[in-house]
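In this document, chain identifiers A, B, C, D and E correspond to the written order of the chains, with residue numbering beginning at 1 in each.
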Amino acid sequence: MNGNGRVGILVNRLGSLAVLFALIALWWMASNAGWVSRVFLPTPQATFASLLEGLNLRGPNSNGELLAFTQATVGRMLQGWLLASLFGVLLGAAIGVSPAVRAWVQPTLEFIRPLPASALLPLAISIFGLNPGMVLFVVAFGAMWPVLLATVHGFAAVEPRLSEVARCLQMSRAAFVWKMGLPNAMPDILAGMRLALTIALIVAVVGEMIASQSGLGQAILLAARAFRSSDLFAGIVLLGLIGFASNALLAFAEKRLLRWQQP
Amino acid sequence: MTERRLLRWLRPWVFPALLVGAFEWYARRAAALGSDALAPPSAAARAFMGAALDGSLWQATGFTLGTAALGLLLGAVLGIALGLVLGLSRRAAQLGSLSIEVLRPVPSVALIPLAMLTFGFGVRMELAIVAFATFWPLLVLVQSAVQQIEPRLLEVSRVLGLSARERAFKIVLPAIAARLFVALRLGVAVALVVAVTVEIAANPNGMGYAMMIAQQSFDPALMLAWLGWIGVVGFAVNAGMVLLQRVVARRMGVLP
Amino acid sequence: MSTAADFLRFDGVAIRLGGREILSPTSFDVARGEFVCIVGPSGCGKTTLLRAASGLVAASAGEVRRKGVKMSEPSREVAFVFQDYGRALLPWRTVEGNVSLALEAAGVPAAERAPRIAEVLGKVGLAKHAQKFPVQLSGGMQQRAQIARCLAQKPELMMMDEPFGALDALTRQSLQDELARLVRDDGLTVLFVTHDLEEAIYLGDRVIALQANPGPGRPSLARMIDVKIPRPRDQLTTKEHPEYLQLRRELFAFIEQSHD
Amino acid sequence: QSNPKIVFGYTAVSDFASVFVAAEEGYFKKRNLDVELKFIPLNSTIPAALQSDSLQIGGPTPSVFLQAVDGGLDLVLVAGGGLTSKTITGFGLVARAGSGIKGPQDCVGKKIGVPGLGAFLHVTFRAWLKESGVDYRKVNFVEASFPQHADLLRGGSVDAVVSADPFMSRITESGAGYVASYYSTFLPENNQTIVHAAKREWVLKNPGAARAFRESLVEAAAFMQQPKNDAKVRAAIGKYIKLPPEVLAKIQISPPGATVSEKQLGYWVGLMKDQDMLKTSIDVAKLIAK
Amino acid sequence: MSTAADFLRFDGVAIRLGGREILSPTSFDVARGEFVCIVGPSGCGKTTLLRAASGLVAASAGEVRRKGVKMSEPSREVAFVFQDYGRALLPWRTVEGNVSLALEAAGVPAAERAPRIAEVLGKVGLAKHAQKFPVQLSGGMQQRAQIARCLAQKPELMMMDEPFGALDALTRQSLQDELARLVRDDGLTVLFVTHDLEEAIYLGDRVIALQANPGPGRPSLARMIDVKIPRPRDQLTTKEHPEYLQLRRELFAFIEQSHD
């Protein structure tokens, strides 16, 4: 076993940081030495410059719009995700608890589930128009499935012994849902919500690309159309950062909420 | 008794029928108002028959499925290989963790413009994006599957003195088989969604493109037909995977 | 109030599961305050009998009556200690929270819960571990947590399915003695399943021996033995008591012969 | 010697008519050219397709072409497609019924749909606003594909769209909107609306093929200018762009402009410079293959 | 060949895990053919000692020598019966396949495997269940399958970690007797962990008692008792043998006092 205690952890952190820097160095060499055309692959410096400029970090009188785009995309992602989580849990709990709901509704859901959210966009535009609400709806639609499936599974997988404990204690149905069903489904729901957040970001970007909503998705599309590869990469880097940060936050929350698994 | 049977058989179809009916009514009204982008499902069914008969349906479906499968293969082979390495070696996992956490959340669709520039249209760009999109989930799931192998089983292999090869084929691979399948099922779903998305956004081939083309040449009926068909294909592929998973699970004694 | 004799009555109870007769018609009575042990080989239907007695499974013939009323659904007055203790605890609640569940179900006001929880945890020796989650406990501690929850229920009848199987010898002995004390003090009635014949003799007022694969001429209930060893009993002297040694021989001989 | 196979990328507009005619009348074959026509849904993806050799020649709009060159792609023009003309009323500003938009001044603060941000209609529309003394920055543009225009107007998602026939006439017929301006008539005549570009590397390697391609289009342009051939031209368009027959019969065909001059290209450079769309200075002379 | 005495030698073996001393320096010898039982309260380090003896964990001080050679990696000549039997079987292989694994590892040709598998399955009473998967077995049957795999290894030294905890009294007794027979016939050496003091006395030539929380003045190895009851032993008479009763009292008294 390598390293022990704090020193070991520090060494590991530094090691993984070094690997990341090595990858960036590789990028730097590939682009600066011209192994790959700059039209596709800008240099890290140029990407960084585009980022600074877009985020208005260069000087007081620049007019970069990346910050506003980032806010728009993050907002769309978060709202869609919250909606998806809410409906996913409600619908999933209904299906998980009630066999009747399951029999009537689940086959329909099974059929619309594999529909890519991107394929629904043109139809949604025709029905709801080209407004932010429509994109939000599609984001929520696309991101709802992992939460829904996880909730259904979590409710269905309540340990039979626990159901018997509930019977022995003569617990009410509401108490059962609240004290057994939901906590039991919690790990699944949280894992589903984490997946949903990733999907929400993807669908938000697709929505911005196809349905012309201002945001990072549209920004990178326009950058690509104008062949400004450093702007394109700046957008991709920002999207990666959003994904990284939101994922890390959620993982942290998950750890706190599921302390009973690994106290 | 038979009436109950009938009801049970009909139950799953009630909601779809209601939805389709409502849409039919809505689309007819919209079409009467002069919409270019909406058509009733009945017209879509006719358009679907046309596409099925002239062969365009099968060609586009074949392209999308083929590309998705190939991209998945590429992404899965790389993802599983790296996942095994990271799962078995704690040091490698620690070194790679930050890079993976930074690269993984990059939305695959953000790379469509880049892949366009690098590969142009056709199979290659779609392959690249599908492979990228499926690589990460497989990597992460395989890694965690390997890490969750019952440590007692690895100890059994040590006590019995199994060779590295025997250990891989008799302990590690069978132990992760069930989770590997779950990962592959997710991969299949991701591959299909991403393939269609790439076709909608850029690549002039396959089902997604056929849908966009139908939309652009004022054929909302055909567009709706394609939308429905994409759903059917996704449903069928998913059902096929579930079936396959069950067969394999039974073979392995996980499901007696 | 009912008489002591019909506190719990098995009246021709038979159980079929998966198309097979697990328990052939069985009748016996349990008096209030009695400690009845059930022994028998693995798979002979001990757990099934207990589940029927508490209303968790329905009998396919006959009925179980408690104080004259047919048992069809579990009741809060009957506690059940499950054999697979690992699954019977809510993994997301601490030991304290798991015990509290019984009090919540009974509608005990929040303010009164803490002292009652502390009391039962003290009885099973888990006072120091109240804040731990089930995964943090050894098997024996999990089982004691389950027993604590059942005690918190303040039941009048307790079903215990191999409750001490996971405990080390010493903890086991002290819990055996604690249980015997509780029964005496609170007038608790216990149905106790074990595969340890010596434990059955040590604890029981009566030992019921079941046999597997019942059929015509081979009833499930194979033997019923009264244990006339005086109480309170003691781990060392009781186990060298002549009556104890004699019953042990008798039961072993019987079980050896009925085993197949 | 045999010429290399040419994959040519086009989009669904009649400005490609000269290419369709050349293919249908056998002008390519006559010059020993093997040209495969490939439909590309989005005009703006054509330069990338050229760059990655998915296409040998493609027809971007001048604005798309210039942005690509500005971004570092080494492309040159082989020939030209359709031309602007004062008689063309095939596209224009369509406002929502009841929106009250009548002229360029009314567009300020409004939400206007264009088929492609940074694409031909968007750039020309902004040029028109600028020419009319309106600050185009105060107009809110969103991207929406043609078939959605009618529904978007009807649903109130946008106040106006820059649309083209046959969508435009559908909208007006259904009463969802009205034509506020055939703004394109402000554009000077005889500037290409589509240019045929290729990688410089390819043109240097295959100068003969590039010249033969241009000559085929010149011959096709001559064919198109004779009114008696109108039916044949429409049939050729109909073959490559899937349009309902009644639409095909009515569609306006822009006049062909097979060769591109520096002045024509320079016009577009000026227009885009005005709108801050170019970062580098562009040497027009180097962009036209002789 | 080595002498009997240094067949297995613990030489000041100490083990630290998670920053805590689990086992303080411990020395003792095991002779070839000897049956040594290890008892002690839950968490005192019985399993840990056994793991160190077989090379699964490295000692933090001292060393374990087998026939004069330091144990650093597990060897095929040493079999290990794990306490958590449910996890030590490959769930995707049948009982037969699990036993076969040991033969495959030893390079036994495919043709010879079937009779050897049948033989060991017969010994543990699983002949009829060869084709079942682990999930289809009761806990006791799973444990017996694991023992069968260890026997198939033809080890000369066998580490058994509470192997009979999950068995019902009768199966347990018959396996105890079968194990005692094997040891005598094959000259097997056994290190046997149990929390059942009576089992330890009944089976062992020697009983080692460990105590938890070792520290200065409180070594892990608390007591070493020789059991001088003649063999073959018998479930009824041996347990009434005066030496047996006396050792039982002695061990109980000791453990009660060292428990905290």
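One rule holds for everything that comes next: a residue touches a chain if its C-beta (ideal position, glycine included) is under 8 Å from a C-beta of that chain, and two chains touch if they have at least 3 such contacts.
Note that the structure is a prediction, hence the values are computed from the model and not measured.
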item: Graph separation of chain B and chain C (steps between touching chains); value: 2
item: Set of chains adjacent to chain C and to chain E; value: none
item: Taking each chain's C-alpha mean as its centre, the one farthest from chain E; value: D
item: Pair of chains whose C-beta contact count is the highest in the structure; value: A-B
item: Where chain D and chain E are represented by their mean Cα positions, the distance between them in whole Å; value: 85
item: Distance from chain C to chain A - Cα centre to Cα centre, in angstrom; value: 50
item: Averaged-CA centre spacing for the pair chain D and chain C, given as whole angstrom; value: 86
item: Centre-of-Cα separation between chain B and chain A, whole angstrom; value: 18
item: Shared-contact residues (touching 2 or more other chains) in chain D; value: 48, 51, 148, 151
item: Of all residues in chain E, the ones touching two or more other chains; value: none
item: Interface hub residues of chain B, defined as touching at least two other chains; value: 30, 35, 37-38, 116-118, 212, 215, 220
item: Touching chain combinations (by label order); value: A-B, A-C, A-D, B-D, B-E, C-E
item: Residues of chain B touching chain D in the complex; value: 30, 33-38, 116-122, 125, 202, 204, 209, 212-213, 215-218, 220
item: Chain B to chain A touching residues, read off their complex; value: 8, 11-16, 19, 26, 30, 35, 37-38, 91, 94-99, 101-114, 116-118, 189, 192-193, 196-197, 200-201, 208, 211-212, 215, 220, 223-224, 227, 230-231, 233-235, 237-238
item: Interfacial residue positions of chain A with respect to chain B in the complex; value: 2, 12, 15-20, 23, 39-40, 103-108, 110-123, 125-127, 198, 201-202, 205-206, 209-210, 216-217, 220-221, 223-225, 227, 229, 232, 235-236, 239-240, 242-244, 246-248
item: Touching residues on chain A, where the partner in the complex is chain C; value: 159, 161-162, 164-165, 167-171, 175, 179-180, 183-184, 186, 259-263
item: Chain C-facing residues of chain E, complex; value: 39, 41-43, 138, 140, 165-171, 195-197, 235-236, 240, 245, 249, 252, 255-256, 259
